[in-house]
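First up is the structure itself, then whatever we jot down about it.
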Amino acid sequence: MTAVLAAVCIAILVIMALALTRAMKAPTVYDRILGVNMFGTKTVLFIAVVGYLMGRPEFLDIAIVYALINFIGMVAVLRYFEYTAPID
Amino acid sequence: MNLWQGLEPSQLITLSILVPFIGALLVLATGKAPNVREGVTLTTAVILFSLILAIYDYTLDGVAISLQVIELFPGLSIAFDVEPLGVLFALVASALWIVTSVYAMGYMRGNNEGNQTRFFFCFALAISSVMAICFSANLLTLFIFYEVLTLSTYPLVTHAGNDAAKQGGRTYLGILLTTSICFLLFAILGTYSLTGTLDFQAGGIFDESHNKAVLGLLLVLFAFGIGKAALMPFHRWLPAAMVAPTPVSALLHAVAVVKAGVFSILKVVVYIFGLDELADIPATDFVLYMAAATMVIASIIALAKDNLKARLAYSTIAQLSYIILGAMLATTAGAIGGAMHIATHAFGKITLFFVAGAIYTTAHKKLVSELDGIGKRMPLTMAAFTIGALSMIGLPPAAGFISKWYLLLGALDTAQWVAVIALILSTLLNAAYFVPIIYAAYFKPEKATSLDHAHGEPEPHGEAALPILIPLLVTAAMTVFIFFNHELPLALAKLMLEVAP
Amino acid sequence: MLEQHLAILPIILPLIAAPIVLILGRSLLSWGFATFISAWACFIAWQLLVATLSDGVLSYAVGGWPPPWGIEMRIDAANAFVLLAVSSISTLVLLFAKDSIQKEIDTSQHSLFYTAHMLCLAGLSGILVTGDAFNLFVFLEISSLATYTLVSLGRDRRCLTAAFRYLVMGTIGATFILIGVGMLYMKTGTLNMLDLSERIHAFESNRTINTGLAFIMVGVSVKLALFPLHAWLPAAYTYAPSAVTAFLASTATKVAVYVMIRFIFTIFGAEYVFEDMSMDLILMVLAVVAIFNCSYMAAVQSNVKTVLAYSSVAQIGYMILGVSLVSVTGLMAGMIHIVNHALMKGALFMAVGAVFYRVGSVEVRAFNGLGKQMPLTMAAFTIAGLSIIGVPLTVGFISKWYLVTAALEQNHWLIAALVLAGSLLAIVYIGRILEAAYFQKPPVDRKPVKEAPLSMLIPMWILVIANIYFGVDTSLTTEAARAAAETLFQNSADINALIESLRGTKVVDSLVSSDSSVISDSSVIDETHQLSAEVAQ
Amino acid sequence: MLVLDIVSSILLMTGIFFGFSGAVGLFRFPDFFTRVHAASITDSIAVILIIAGLLLQTSFDLNTAKLMFILMFLMITSPTASHALAKSARHGGLLTLGESKQQQKQQKEQMQQQEAGQ
Amino acid sequence: MSYVLDYYNYWVVVFLMMAGFYTVISANNLVKKIVGLNIFQTSVFMLYITMGKVSDGTAPILAEGVTQYSNPLPHVLILTAIVVGVATTAVGLSLIVRIKRAYGTVEENEFENKDDAI
Amino acid sequence: MHLGLWVVVLSLFWLLLSGYMQPMLLSFGAISVLLVVLVIKRMANVDQELKQVDFRLSIFRYLPWLLKEIMSSSFHVTKLIWSSPKDLSPTLAKISLKNIPKEKRVLYANSITLTPGTLSLDINKHEITVHALEAASVDELNEGAMERKIAGLWPKKGEEK
């Protein structure tokens, strides 16, 4: 099982890397935010899986807190960009 | 003669500093009533003089007077100590303050000067700090009040408040503060770090163990750091201060400021270095040559000046270097001559300035070339001028002869030919720039000045008003009096080298 | 009960007072309360100074947790001395602020001002008192955050950008300190300053600790505005309300200097910092450049607050120069100047604040003719200005005297000469303002102005009189500063001695009496302290 | 237990496959709005499957509840975020693929008309 | 090469630190400056956390059956530091809001033109 | 949402995160919940949107169906990603809201977004602007399966009794 969880962790990291690539380089600013958001939600999953991988399911608390912060941060960023962001 | 029998001798020191200080505060308080204010000034001056006389008595009787006020740094206090040189300077300053006060009243009123309260306030403050300088027991105390003197005379120099005054004030403050902070304070701190003390002691505080080169550096720093002694090239402040009213010039040139400078140099030479140690320092000769050069160059510049006060200012610069030169001879005769010259030059030069002020107040003339024939209109004034000029040149029966005699003796004693030549050359130059004035005043016909052209004929005037005339006659008389009674200052000057402060 | 907790009261009092002040709201009420608290803190600081001068070091364990696990408040002559200065100035500034802020801060924000002031005071006191390196960072940031707020309260909109830049620079500085402290912790496993100093010396020369030292020095240098990291200061001081500037100029940067002294002497040890790392040379050069460069900058400014701000950076150079001389006298000169400069700059900025209150501008031009119109304010400005120049009979002279003496003691003749030459530039920048005040006619289009109100004149003149009093009776300041400098050097020496002995023997007695919360100890190594180090490794 | 582990592994792996597909979609889809669809796969099915996989790893306890909470929370917030993002883009003036094609076409026609006119 | 790998955590910290620092210095937009500042601070938080790691020690969350924990003190410290950082960010952002109101812009070069800044 | 319900939800949330049943920690929790409820009470006055969210447990009847929808459409979109994404012809469409009660519109819009292939762009009183990867998805929505499911979840307000 550990091997599967480890593989899942790595796979999520790969997905996160892809999302991060998108966050850094994308045609529009909205694409970047999309990447950041995806990065955030995958981080929540990552923390959860890592907790099981390491035998410390207490990490789920951290995942919850991260999910909360990610959402609030997302909304804040979108409020900021809603009417101001230029399309590049 | 001692009016202050009931007092502890040390209280005399406190009083001699506090009396002019309180006088200054009273002047400020009575500023609204000019007559009361001037009364306060005069009374204070007279009280101060009587105090100094009492101190003088004690000193001749060999009573040691000292006073410690407060310890500023560990082992370093603001402290006072009476010694003969200080008494000599205090006597000169307090005596001249009386005459100058009378003169200033006449001058300030005669010229309708503004800010008279501030003027008399600062004047009294300056005298207070001069008294503190006279009796300072160590270099720290001397330095502190040296700076207070600079700051309290600054408003006097810039009295007029116009651009010229501001410019003059900048030069005055700039040079005096720069030299005192960069060189003098540095030398004091250097001395302190070498010896661990700053007390004035008979024979000096340096000894064989100290590096001669370092001592030489310190000597040079002291000589230039005491900017009030106007050793070239730090002399510019003195002519710059000519923008001030004449009583201030008298204060600067005779009563207090420059005298505080040369007094400090003598104190340092006699009580910090000691004449014996001084003679061993190679740099002494360097300072001596600088003094000699200053004497000659300043005299030549004076010769070229048409403005009477400017000519007198450069004359002062030259005369101050007599004293420095005397000190740097590092002999008894030289030091006595220097000390004596503080007194003799004071009376002679104050007479000359009073005359310049009298001419300006009555005839509104500033230039030497305008003075033709003025001796006929102001015979008494020009007689006083003649006596002052004789004293400057060093001819009998004026006091200047005595001090110059001792200086020449000292120079010959040590076979310092540079000093001898400089003294002779300077004497000739002095004669060259004073004699023509006297000649023109008495023997040339009066000519119409630019000022008078408006009226078409010379402005009619006689002698100056009494408050101006009497002081200048008194100082001229004193110049002659000292010539005949030179034992009085001479005793103090000789005592200086015997008594430990 | 209060007696027992004396050590922590200077922090707790203003910290509790801050929200109360905010709730009180109404300007006069919050002013009275804040002033009362500040005066109380001042009284406590005085008690602490007396206690340390007689009994030596006071140690207080917060929450009863003995060090090194808990946070220790540690008071010796050095910090009690600076604490007294800071709380006194705070009280005077609050007295001054009552009228001053009427013209400079919106009425709605007055209670905010007093709140931020209280927080700032709490932070500064905390920095001084704490014996824990991380706790120091926290207090530094409390005071800094309050400071940014205070600076931004001005009416000129430029105060906002100034505050923002200050925030950015200050946060970077604080973060540098955090990094440095982290590196020390990484290597030593402790945050207690005393423990840190003991363990740092167990490493002869360690890259992590060297790097930590570098980070801390840079971070603290930003906070204390050491040249060339001073760029935030002039704008912040210029556009902040005068009462704020008076407080900051005379306390905030000084406390940062104190922090540097603490780190150098108590934690790293003078020998390590100066001999092994040659930090003295770097500091000395920067200090001298600061003195000349910033004095020159001060001389060419047109805004008097900017003039004084640059002057502050130059004066900080003098303090750091004292530290860099590595001697009791030099450190003493630095400590004396910390306090003396607070007295001078406090008075100067208050005078400038009074001018703003009456004239509405602090350009040099605005001072024209004020010598006659505001004689008492300008007299105060003159005397404090002379003190900056270093004229005898003022505190400035005392500072300079000790500084030059210290330089000559170490045979740094050139440094001594440069210190004196630096005073000349002070003559220029102070002189310009005095010339305007006394020699220029008041502008014709300006209505004649009155003298400043008493509520401003009194605190201003208290400082002016202090300038003269402590310039003549130097016993208190010099004794306290000497005690402080000797304590700091003693710490350094003790550390070295202890390390020598530690390398030989390992047995050290434990002297912690864990049952009482107040432990008075000298610098003794507790073997128990090392437990946390083992935990960490 | 073994069965549970196998089922859990399959769920996790499937979830990862969808998640990875969504990430690839971020790069392969032609415009912003279509890419939002790709991202939403990772937000919905991938999350559901992975959490479900983890749920099988827990005995019924507080952690189960936490996992359920995370799932619920993500289910509510990620569409909200996607919607808010798309709405922002819309308000920001970003065109959909169809709209931009149409615009290009119009521009082309205008150009041709201009050329014809000349 | 092993040197690089052994200290990988420091390289991460250093990279983040430099990135944040660079942003603070180079960004023209004040909000971006604050973002840079946060990255900069976060790098330090990571430094602290990584140095609290004890080999074979797990996260310092109390749990049954776990004996070897990482050092909890850095975590506690960094919680405090995060609070400080959040407070700094809050003050910074509120200053930006006021700057925007006063100058109408949050671009540094734009308001520099509006004042004769010193 | 009723404040009492908030208290229950928040308390559960606290217990979820804490897991401790010690009196001191529980009382901390109680205080926190109280504070948050106070804030919510203030916000509810300010923010009317909160009232538009209605939450019933009967939502769980809807979830399995939604899960099935998500599954199937996920497969579809995944296929699109790996096959030929460049040939997509996404469409914009407006879906009428006339059959959906006010308090269920959020759920509806979220469900649309949650199912891959459709994305709610904008929402107003009468319709939702939907972006779909393929026209087929829009047709599916217009057929109204989801609409009916949601509308039938719980009775409209006023019909309750």
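Here are some notes:
A, B, C, D, E and F label the chains in the order they appear, each numbered from 1.
What we mean here is this: a contact is a pair of C-beta atoms (placed from the backbone, for glycine too) under 8 Å apart; a residue touches a chain by one contact, two chains touch by 3 or more.
Source: prediction; values computed, not measured.
Taken together, chain A and chain B share no touching chain. Centroid distances built from C-alpha atoms place B farthest away from chain A. On a Cα centroid basis, the chain most remote from chain F in this structure is B. The interface with the largest number of contacting C-beta pairs joins chains A-D. Relative to the centroid of every protein C-alpha atom shown, the closest chain centre, again from C-alpha atoms, is found for C. Distance from the chain B centre to the chain C centre is 46 Å, each centre being the mean of its Cα atoms.
The distance from the centre of chain D to the centre of chain F, each centre being the mean of the chain's C-alpha atoms, comes to 16 Å. Distance from the chain E centre to the chain F centre is 35 Å, each centre being the mean of its Cα atoms.
Per-chain CA centroids place chain B at a distance of 99 Å from chain F. Residue positions of chain E touching 2 or more other chains: none.
Across the assembly, chain A contributes 61, 64 as residues in contact with two or more other chains.
Multi-chain contact residues of chain B, defined as those touching 2 or more other chains: none present.
Residues of chain D touching chain F in their complex: 18, 21-22, 24-25, 28-31, 33-34, 36-38, 40-41, 43-45, 48, 62, 65-66, 69, 75-76, 78-80, 82-83, 86-87, 90, 96-99. Within the complex formed with chain D, the chain F residues making contact are 13, 16, 19, 67, 70-71, 74, 77-78, 80-82, 85-86, 88-92, 109-111, 113-122, 129, 131, 133.
The touching residues of chain C, when paired with chain B in their complex, are 386, 389-393, 397-398, 401-402, 404-405, 408-409, 413, 416-417, 420-421, 423-424, 427, 431, 435, 439, 472-475, 478. On chain E, the positions that touch chain C within their shared complex are 21, 24, 30, 33, 37, 40-41, 44, 47-48, 51-52, 71, 73-74, 77, 80-81, 84, 87-88, 91-92, 95-96, 98-99, 102-103, 111, 115, 117-118. Residues 5, 8-9, 12-13, 16, 19-20, 22-24, 26-27, 32, 35-36, 39, 42-43, 46-47, 50-51, 53-54, 57-58, 63, 66-67, 69-70, 73-74, 77-78, 80-82, 84-85, 87-89, 91-94 of chain D are the ones touching chain A in the complex.
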